[in-house]
Each structure stands twice: as structure tokens, then as C-alpha cells.
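One chain, chain A, links the two complexes that follow: it is found with chain B in the first and with chain C in the second.
For the complex of A and B:
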């Protein structure tokens, strides 16, 4: 006869794994000075409570609305100008870094010669460096170099995004069928012609949708970069936070949300239309 | 006709680019002018000799540990709260709670980490605690939504079988739903942790601890040598996390 067994066969390994994880994370509590109590403690609760309760109504004075519109336009302009500069850098860099236009690869079954690989490495290295430093760090550095304001934001976006776009473009070029370009190269065409007629027709749609997606990311990034003084909505938000003007913070947050939603819709429209 | 619309769109994009440059008043020629360029090069040169003294390296090591601890604990808290919010958000407790939980998750997710960090610095004071809380809040929104979607997509039959055998709701969830769900949840948590390590290293710019705060302070004091070491440490951290995650993905996640 079968008896009921309430034992869980996987209980012991699970328990051991959990204990191990706790043991590893325990010093982390010390390092991160974690203290959930601050959120519930009397004084800070009343402080944050005051701050949040003044969120409604959002600030809507005429002067502030004007400021808001200016900051929003500035954010949009930073993202667009930054992307334009990034494209200027990314397109040549991606052509240099991509294996798709290698002359030696065309006659060696798609494998470039060691020399070609070696010459491509410096470009790839520069692209990796450009995109590995977070954009807000670039923004902080440029604020020190060219002063507070949108110029630092534009340069930071241009630098980080040229690294990302250059890498992704180069990979997109390599991901499509290489035979048309190889045929053109072997028939004696120049590399640019081989790119324009052998690769570009296949990759145009993907390039476009990725670029539009990155523009959307650039808008979000330019808001965040404002916190280190690079202009736009973020800088205004930083100022309002420091003055404890919670009504202003609320309307800035609402504007930010609306901007992100709008950019999302616009990029969907562009992708559907052009791709 | 189609061509015309596309052409108009392209012209519009071109006009938008020109308009943004003129709105911001950026003069690229002036920016690349000889005086300005010389200044920039001089500024960049001060970063070329990173400070590698033992004391500074030790401080950086502590900052890096702080950054990793912030991201790990923030992600862990977010996973716990995300799961708690995902249950109502997946419609387990009726529709009023479902829409309330979804609204809360969306609000948490819509505010960027850095803005949460600035708010938490006001609430909890300067230091890594504020950063941990900020990461936990934003990530709760992201993970809660992902968990809710995963919950909705798991097959309900195993849990129903346990219920029909007389197990209570909690056991049905633990032994009927969770085993199917766990690999997906773990993948989401690890992915967010990777993102959060990168984020935690810059949250310090608003005073929320970690490597970012060191960088901000040393740049404010014009100590470019120390700052460049911190940037190098950030780069190393990002590259290490990137290669670790791509290695572990190849090793354990089979497509």
C-alpha cells in the first residue's frame, strides 16, 4: 500500500544554495550601508511625505511653462544633434571595422588575411573604448571642458553613440549575404561601390530601424545627463529638486513621461514608413 | 506617391537636424578652433597619468566593492518586491488589484534610476544606501512587469492538479507554478543585475555612493590623475561584467 510521503527531495540543495547566497551577500549589506528603516523613520518620513504631498498640483505658472517648453525643446535638440554627429563618426568607423569589405576575404572564402584582421583591431578597440565609458561620464568630463550647457550633452551623446552605432553597423554589414559584395570585389569594383551595390540594399532597413531606436534612447539619455549640468529637462529637474520645489518636479516628470511616449510613437511611425 | 512621402520625411529629418544645431547655438567651427582645441588637448593630457598609488587603489577597490554590493542588494530587493507585486499584476487576486499593481509597476519603471537616486538622496541622505534603494525601486518596476508576464504564460495545469489533490494555494504555487517559472525568473534577475552594476557605477554623480561619487568628487577638486584611475576602474568593471555575462550565457543558456 502506498503511504503519503511529505518529504521534498529538492529541499536540501535549495537550502544549501540559499545559505551560500546569504553568506556571500552578508558583507554586501555592510558595504552598501543598507538600511530600509530610513524610509519609515519619523523625521525623514515626514520630510519625504511633505515633498510628495506637494506633487499635486504640478507647477503650471506661465513662466514655468515657458521654461518647461524651452527645456523640452533643448532635450530634443540635444538628442538629434548628438545623433547627427555620432553618425558622422560611426559610418566611416563601421566601414573601417567591418570584415564585409575585406578584399582578401573575397578571395579566401570569407576569411580575411591576418594582416587585414590586425589592421581592423585598432578601429574596433577605439569603438569599444568609446562605448564602454558610460555617456554620463563623458557628459561630466565635457562639462568640465566646454562649460555647463547643452554642448557637453551633444558631445557626450556623439561620442558614446558613435561607439555603439559603429560596432552594430559593422556587425550588421557582416550578418547579411556576403556573396554579392564578394562578386563585385572580385570583378574589380572599388570597395565603396561594392558596399553601395552589394551590401547596402540588404541592410538599409535594419540600419534605419536601429538608428531610430538609438535616437529614442538618446532622448532618455539626454534627460539623465542634465543631472551633471548638460542642459535640457534633466538640468531643470536637478535645480527644482535642490530647491525642494516638488510641484515643479512633478510637472517635469510628467513632461519627461510624455516625451518618452511621443518619441516611442514617432520612432514606430518612422520605422514603419521608411523600413 | 510613396516616394514623395518618404522624400518629405527625409527632408523633415534633415531640417530637424539643422534646426537643433541652430537652436542650441553650437558652432562646430568655433568648437574645433585652435584655441579651444589646444585647451581640450591640455585638459585631456592631464588624464594621461593615472594615479596608481596603493592608497588610492585601495580606495578604488572599496568603491568597486560598494558598487557591486549596491547593485546586488538592489537587484535582490527588487526581485522580492517584484515577485510580490507580480502576483496581483498577473491577475491572481482579481481585476481591481491587477490594475492597481500594474499602475504602480509602470510608475516605478518610468522614472529613471538617476532620478530615483536624486529623490532617495533627499529621503535617505548621501551614501550608498540611497543608491541601493533607487536601484531597488526602478528594478522592482522592471522585474515586476517581466515576472507578471512570465506568470501569465506558465501552464496552469500542474498547480491545478495539486489543488485538486487537496493542496492549499501556497503549496500549489510553490510546487506547481514556481518550478516551471524559476529558470526564466533567474535569467531576468541576472540580466537586470548586469544592467544595475553598470548603473550603480554612475549613480554616485548625484551623491548615491560607489565609484561614481569618487569620480565626481575628484573631478570637482580638479584631481584629474585620481579621476582617470576611477574611469579606468569603471571601464574594467564594465568589460568584466560584459565578458562574464556573455561567457555564462554561452555556457548555460541554450538557445
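For the complex of A and C:
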């Protein structure tokens, strides 16, 4: 029996939220037509088995390796150039969209003035638009516009990723303690200086880790966009799949693995240096 | 007249009336202590005077300017001439002490100089001198997260000393220090104020410190000024009235024995 002394006011909302989450999960499974039984059916198992068994040995001919190295470099270049372009847009947009630079928030207990909030909405809208169209769609568009090749991939990544980076950066800026920046604003500093002294030291590690993670995602995205002709490993993968050259597919997959591993290690190294 | 409040009230966004129609005049290079029980509005009053909070009604004049009638840019320029010491200095845990101290002047520096200073501290001797006055110069290149509460408070004070404002406001500046250090720090503050003709207003919970270091004492209770007197005219009766707490006196549970706790530093 719950007495007044031992009752937790948060217990009922927590229970209700848990029930709600379960209630929402069921239609999700139902409407996505998820049926795990298919995996156990005999013919699909042998089909997958055939495909996978041909993976060994991975292709390692000299000519193919050369092709692979070139495609890998191209993929890395697409991802890096795309990220660099995306950052050019994402950093100013995140500063504009975030409450972290609000001068009025410093003297209103953290709530920006209505005008400030109103002005942040268009920037948020732009960021939403940029990331709501998947990069593969942008890639298809740009392949039409600038022709087959890496340029389309770079532009597609730049556009979608600026939207994602801008949104998440803005949220990271707002998620840390705002008091250091507010104290600086209250001592007469400019917005950007207060940001650099009050917010940046707290967010640097998270920004870096998210940026490297997004770079890793950009590598994968550039692979997918290769299928629609935007160059790199993906284009090579498309060709190999069409020719049923399973050995080549295996080598390509191994290369992906290496790249993701590399990104992971890079992130760890940078975070360790920054800590 | 350096600080001038007339009929100023402050209501927080949660509806709490922190200050109720205060009238307060503090002249140039005066040294004033604000005392009062917890929740009396001492921090609110100091934040109000520092232009960190806007009064819900009434008027505030600082250094001859109506702070809330200025444009945002002019107000920032005015704020650069006001220094506020926070009770728990809001410093990023990974920032180095030298950067935290030099940040006192970014209101006076341009953006370029501020960013350059972030790459490489531009005035290491200045920061060291400010810290040395508080016996903390050995922590110049330590990270703020490595410091104790009392050391952080001293970093906050060193930042304001380095800022060299014309009005120095301090919100419980020595609350986490041991008695000897608190004494020393307060005398550093008041000597700095005397030497540079700075107006000093500090809130303190230790009444003896307030009486010993300040010539004018303001007693604040329930958001109103109970008394505003020279230090020598403040007597036991007034203090009892200021700190009287009916709820504690009539609580049915016997009060726990008081244990003297030396604050960490």
C-alpha cells in the first residue's frame, strides 16, 4: 500500500510512458511487414548461402587492387570534400539556430526574447529542408545536372550533411551548461567571444566525435551514391554486383570495414588528445 | 551616484517576488555589504545591480546611465565596466585558469584579440599578478576542473580583478573558503576597491566579516531593505530581527546539534 511518505510523484508518468512506448511499437512492426520467419525458409537460406560462399577468396589481382585503391581514394575524397563544404554552411547556421548565442537569454534566465526565437525559426526551416531530402535523391539530381562522377556525390553530401550537422551542432551548443557564456555576456563580452570562451570548451569533444562519426557516415553515403553513378567504391561495387563477381564484392566490403575502423580509431585518437 | 535603484521590483519567471520596490543609492567608491537570511534576495539584488537581470518594474541607473534604456550594444559597453563575482563561478571545467582569468577583459577586447588569446594567452604576467594577490599563482596553467570550490571562487575573483571594473559586485565571494582565507580575500577586494576608487558591493552570510570589512551594511529580508546603516550602528537587536526565523523556532523536532564545518578550499 502506497502511503503519502513513500509515494514518488514521477512513478505514474513513467509507467504511462512505458505503456505508450509499447503500444506504439506494435503498429510499427505490423505496418513494416516485418516477418523474421522468411529468413528461416529453406530456399532463401540456400540463396544467401550461395552468394556468401562465393566471397572466398576475396579478389586480389594486381589490376583489381589498383582499381580498388583508386576507388577508395575517390570515396575518401568525396566524403572529405563533402564534409568540408557542409561545415562551411553548417557552422554559421548552427550558431544562428542555437539559443547559445542569445544575448537576451543571458538576462532572462535562459529564455531568449520572442523576437530572437522568431528569427531562429527560418534558419531551422532551412536546415530541416536541407536534410529532409535524402542524399541519394540529391545525387540523382546532380548526376543529371553535372554528369556522372564524384562532383555529384560531393554536392549531395554537402547539402544533406550541412542540414544534419547544423541541427545537431545547435543542439549540442544548447545541451551544455549555459552559465559560463551568460556570465561573460553579462560582463559585456560579444556573442562570439562569449561562445568561444563559455561554450566551446564544454562542447569541443562532443563536436569532434560527432563530426568524425558524420565523416564515417559520409564515406558510407558516398558508397551508396556510387550506385547511381557518383563515383568511388560504390560505382565499383555496382559493377562487381552486376557481374556476379563475388570475390570483388568481398574485397570491397573488406575495404569498407577498414575505412570504418579507420574513422573509429581517428575519433578515439582525437578525443584522447582533446581530453 | 554610481548605483541608483528607484522603486525596483523583480519577479522571477516562476512567479516568485524576489525584490519589492527597492530604493537604493550607492555613491562612487563606497563599500557596502548586503546581509540577510537565505532567500532574502541578496543574489537577485546583485544580479539586478550588475544589469544581469532586468527589473520587472522601476528604474536602474549604473554609472549615470539608465541601463535598460540603452541599446544592446551600449549596454554591453556599460556591462564591461561592471564586474560581478559569482558565488560558484561559472567556468568551463576544461578551461585553463589562465584563460578563465584573462576572459575578464574580453568585454574590452575585440573579437580578433579574444580569439587570438584563446590560441595563446596574450597576457600571462597580468593573469599571474591577479592570481598572486589571492595566493593562487601556482595554478595558472591548471584546468578549472582540478580546483576545489574555494580555489574556483578565487579564480572568479582574480578574473574580476583583471577586468578592473568601475563597479565591483560580489555575490558571497568567500562562502567556500576557510575563515583565514576569507578574511584575506575580502581585504584584497576592499584594498583593490580603495586603491582604484572602485565601488564595492558584496553580499555575505558571515555577519562578522561584513561588519569588519565594510563601512555600510544593508540588511535584506523578504526582498525588502530592513535597515541601511553604517557598520557601527548595527547592533544585536537589528541582527536578531533580520535573521529571525519563526518556522525554525517552532519546529516540533528538536534541532540537530550544530557541528562546526570548516568549508573546503
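By definition in this document, the second predicted complex is superposed on the first by the 217 of 275 C-alpha atoms of A that agree within 3 Å, B and C clash if a C-alpha of one lies under 4 Å from a C-alpha of the other, contacts with A are read in each partner's own complex, and residues count from 1 in each chain.
Throughout what follows, a contact is a pair of C-beta atoms (placed from the backbone, for glycine too) under 8 Å apart; a residue touches a chain by one contact, two chains touch by 3 or more.
The structure displayed is predicted, hence computed values, not measured ones.
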Q. Between chain B and chain C, which makes contact with more of the residues in chain A?
A. B
Q: For A:93, select first, second, both or neither according to whether it touches chain B, chain C, the two together, or no partner.
A: neither
Q. Should A:237 be classified as contacting the first partner (chain B), the second (chain C), both, or neither?
A. first
Q) What is the contact status of A:51 with respect to chain B (first) and chain C (second): first, second, both, or neither? A) first
Q.
Per the contact definition in the header, classify A:108: touching chain B only (first), chain C only (second), both, or neither.
A. second
Q: Based on the superposed arrangement, let me know which partner A:73 touches: chain B (first), chain C (second), both, or neither?
A: first
Q: Applying the touch criterion given at the start, work out whether A:179 contacts chain B, chain C, both or neither, answering first, second, both or neither.
A: second
Q.
Let me test your reading of the model: by the given contact rule, A:152 touches which partner, first (chain B), second (chain C), both or neither?
A. neither
Q. In the complex formed with chain B, which residues of chain A make contact?
A. 8, 25, 27-36, 38-39, 44, 47-48, 51, 73-74, 76-78, 80-81, 84, 129, 132-134, 136-137, 140-141, 144-146, 150-151, 154, 220, 223-224, 227-228, 231, 237-238, 241, 244, 253, 257, 260, 270, 273-274
**Q.** Residues on chain C engaged by chain A in the complex (per definition of touch)
**A.** 12-13, 50-54, 72, 76-84, 86, 89-95, 99, 103-104, 106-109, 111, 114-115, 118, 163
**Q.** chain A residues within the chain C interface of the complex
**A.** 103, 106-109, 111, 177, 179-180, 182-190, 192-194, 196-199, 201-202, 204
Q | chain B residues touching chain A - in the complex, by the definition given at the top | A | 5-6, 9, 16-17, 19-21, 23-24, 26, 31, 36, 39-40, 43, 62, 65-66, 68-70, 72-74, 76, 110-112, 114-115, 118-119, 122-125, 127-129, 131-133, 175, 198, 201-202, 205-206, 209, 215-216, 219, 231, 234-235, 238-239
